[in-house]
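Next come two complexes built around chain A: one with chain B, the other with chain C.
So, the complex of A and B:
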């Protein structure tokens, strides 16, 4: 059999699964978003009423919160991941492998557990941090728990390992002799960073940043566990439409808007990336 | 690098790793007292919360539900992803680049939104959510990741080995069993491990798609948000240690196999 037919044959099961499990739910949500407000049936009578409501009735607050939170988190994660990846790459060898594994491992520990731990750590009064400081140094400290800052810290904490990995891949794409050459030609540290390192590592930075951004747009556990009642994130706002308000079409319209927003970032980035090159190494 | 710089770099890594593990350690510390309110440092350190956790029937049920979901997700994902990886990384066909991008799309998608969309989808087509729909939901996200993991392994594979085996008179089945699968198996095992751990720890998809069944992360999430008790910390520790143990066993198995076969093939 030739490669063309084998390729089509082997891709079929995965493609079929994703068609049913990924594409069709989005189609169904899109269909619901065009139904009469508060209806539960899928019909062929379409209306844009829900989208009009989405733009006129105060849904911008959760949208802006989640987008802003995602942007700040992504930037913070990238700023933390860049030096970390550079150091790990320079270190190489066994030590670096162990540290990399240690940083990656929390990805596989549930967000519930990690955020729960963070709330225990930050809890005022008898929390791990506050209690330890009081006992050892007799210092009483406040707490960022139930504030916006607490939610940001939680977002950075959960998503940092997701960013580090792609950034490490990106850093590995920089040929060391290229940096030496630039230095020899008199480039300053800043010039080397801006004109050699960042552009060469860009694919990794884009993937890491995109991943954090997209995951943060939907993130709701951080706000639920660390934010108290201070913020209503996007997913929470949508969920409330489905559950309390019993307005599925409205929830669906908001969902479609989030998906559209995600697509605006994801499609252009993915279109430019060469996955083969990044993975093959 | 001079000494001061080396020292700073080491310090930076130390701080990052410490910050990542402090919250996880905090759960462990909190579980070591059995008082209604958390007041650290504990006056009475005890393992009472663990005794309570082990005495609750619910602990077992939660672990079994999560185990069931994670096992089915791993087996099905590895089976499908192996086929997908061949199309992703091995064969050269028109449309491959499009397929590659389509496969990674679910990874770049907000998970709670995917969970909500799937819930609406299941309801619309008349399926009552249960642990089985959670398996399906987890797979939408896990399958692309496992496909990538196996593809990475496959990129380092030279298909000429198969031609050589065939020239030497091996049948199609023998080629598969003696050449292709042994090379791929570390990828299959790590893919399976990834699938298991990601499913075991998943919260955002489970929250919306398990129906009346409850997985561990889901239960922890609901108890953390409302009535806290030390037993919650204890169960969180037990659940986390279970997945750490699963990970270590698989990694040790892979190591052992590699050292037996000689350090010939890079991972």
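So, the complex of A and C:
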């Protein structure tokens, strides 16, 4: 009994912090989303007008680009991270640390700095990529900068480390003798991947995938710096509602929709996750 | 290395021809050659680091030899990947798929071969019967099985594809004594019933004795002796094998003269002519208290320790030849501190060359 009270006491600071910093903003945003369009007051006169607008007045495009971009980026990152993690795991103790550090290092540099660096790389004409291709191979490519491809490359580039490290953790969860056993029992390499490796590494794949997906939904720097005006992502649309348009209730409604959609993906995935298994190793 | 002479040779199931495996500069396997017969229970015994696991992994196709060939019924399978070989292995760790149920584990090999679901299910139940697990185990998660049950699941899983040869990598080493004894007998019976060739590796010679038709002793990456359990026990090829067989007393023999006791072997002893220089291997049960008129090799000893082994007692003795080990019936009245005359009959002893 006493111990239980002690536990609650220890929990209090964090609980308070989450209440003030996490729960109350969401409550306020949720409340605003139910106010009259373009109003700045929290009243008890509720309306669903903002949500109706969200589904009727051309917000599908930002939703589509954000969710689609997040999905494609997550998939790409997972596909790239799997072989990378397998190689790094196999190299453990033999240069894996150096490669890991090289991949992790960019995380410590400001994202916009990195993206501007990337825009130099992708610039048409005199950019590093286009210039090199033209000088060395006499190949002329059009512009990658300010296209959807540029945004995609930027998203993958920025989020790859967030996928790689959980996947590396997942790969470490595969006992090598299970692979031997599966091979011995007649499984081809493809069957080993499907039946043994992927299921055993699933916790890492799920965490990595979720991280990338959630971060991508909230990302706007890639579209702003590398995409020019080609795509308007959801966060950009929300920002515009709050700032230029001075329509807080509309921005709040869009925010709540994003949170709800994220939850639809995150909670089922988390429910499948055995965190204990990941930590015990 | 005499095989059971006189009988018609059985067909060879697996032929190892000069198998070697080198890891950098370390020779884990040094030109191992061996014929394993159809339907026999062959056990490879060796201390840890002797290369027996490396050898088994090569036999299963999980590792490649750096030299030598492996023939299955005369066909070269050295380069064949493990999933194409008609063999199956029970791993030391068992390597059960913990993310799957017992049934899915047992059916794994059949699923990989694309067998229909109904057939797989029927076969799985059949196998659960064979390893004496109830049908209700089929849906149970592997993680809820006890050590002995996991053992049985691993065995059923390996048997599922009806492999021609089964490999065992010390699967019983993690179990408690009683369960191990039970499973040793069951494994032996299973091998008899199925008529399959079993290749088993262990560091326990006791385990090998109970189960095997033939035993191969490994040391430093090579096979040092091959024979039936009786041959290995009664006529160890050298001091290493003799020591590996359990407690032994080894006396230096020099032209019929036992150096440690400064005694000559009685005239006409078979070792007088067979071995000029070598070592005499005397098992603990061959040492016992003697009267002067009993003859044989005799000497005074002081009992230093008495250990009870159930039906027998093990005595540690101090003698001119150093510390000796004897085993007597539990009824023996000898106690620590007593000085008695012990001896043995050299005609029963076995001699190994230097």
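Couple of notes before you dig in:
Note that in this section the second predicted complex is superposed on the first by the 260 of 281 C-alpha atoms of A that agree within 3 Å, B and C clash if a C-alpha of one lies under 4 Å from a C-alpha of the other, contacts with A are read in each partner's own complex, and residues count from 1 in each chain.
In this section, a contact is a pair of C-beta atoms (placed from the backbone, for glycine too) under 8 Å apart; a residue touches a chain by one contact, two chains touch by 3 or more.
Bear in mind that the values here come from a model prediction, so they are computed numbers and not experimental data.
Taken together through their common chain A, the two structures put chain B and chain C side by side without a clash. Aligning the two complexes via chain A yields an angle of 90° at the C-alpha centre of chain A, spanning the centres of chain B and chain C, rounded to a multiple of 10. Considering which of chain B and chain C touches more of chain A, the answer is B.
Shared-chain residue A:245: touches no atom of chain B or chain C. By the touch criterion defined above, A:125 reaches chain B but does not reach chain C.
Of the two partner chains placed by the overlay, only chain C lies in contact with A:199; chain B stays clear of it.
In the superposed pair of complexes, A:79 makes contact with neither chain B nor chain C. Applying the stated contact rule after C-alpha superposition, one finds that A:181 touches chain C and leaves chain B untouched. Of the two partner chains placed around the shared chain by superposition, chain C is the only one that A:191 touches, whereas chain B remains out of contact. Taken over all C-alpha pairs, chain B and chain C come no nearer than 11 Å in the superposed arrangement.
For chain C in complex with chain A, the touching residues are 60-62, 81-85, 87-89, 91, 93, 95-97, 99, 108-109, 111-113, 157-158, 160-161. Contacts from chain A toward chain B in the complex involve residues 3-4, 6-11, 13-15, 17-18, 21-22, 24-26, 28-29, 32, 42, 80, 83-84, 87-88, 90-91, 99, 102-103, 106, 108-121, 123, 125-128, 130-132, 135, 157, 160-161, 210-211, 214-215, 217-221, 224-225, 235, 238-239, 242, 248, 251-252, 255, 258-259, 262, 266, 270-271, 275-276, 279-280. The residues of chain A lying in touch with chain C in their complex are 175, 177-178, 180-188, 191, 195-196, 199-200.
Residues 1, 9, 12-13, 16-17, 19-27, 29-30, 37-41, 80-81, 83-84, 86-89, 91-97, 99-114, 116-121, 124-125, 136-137, 139-140, 143-144, 147-148, 151-152, 155, 197-198, 200-204, 216-218, 220-221, 224-225, 232-233, 236, 239-240, 243, 247 of chain B are the ones that touch chain A when the two sit in their complex.
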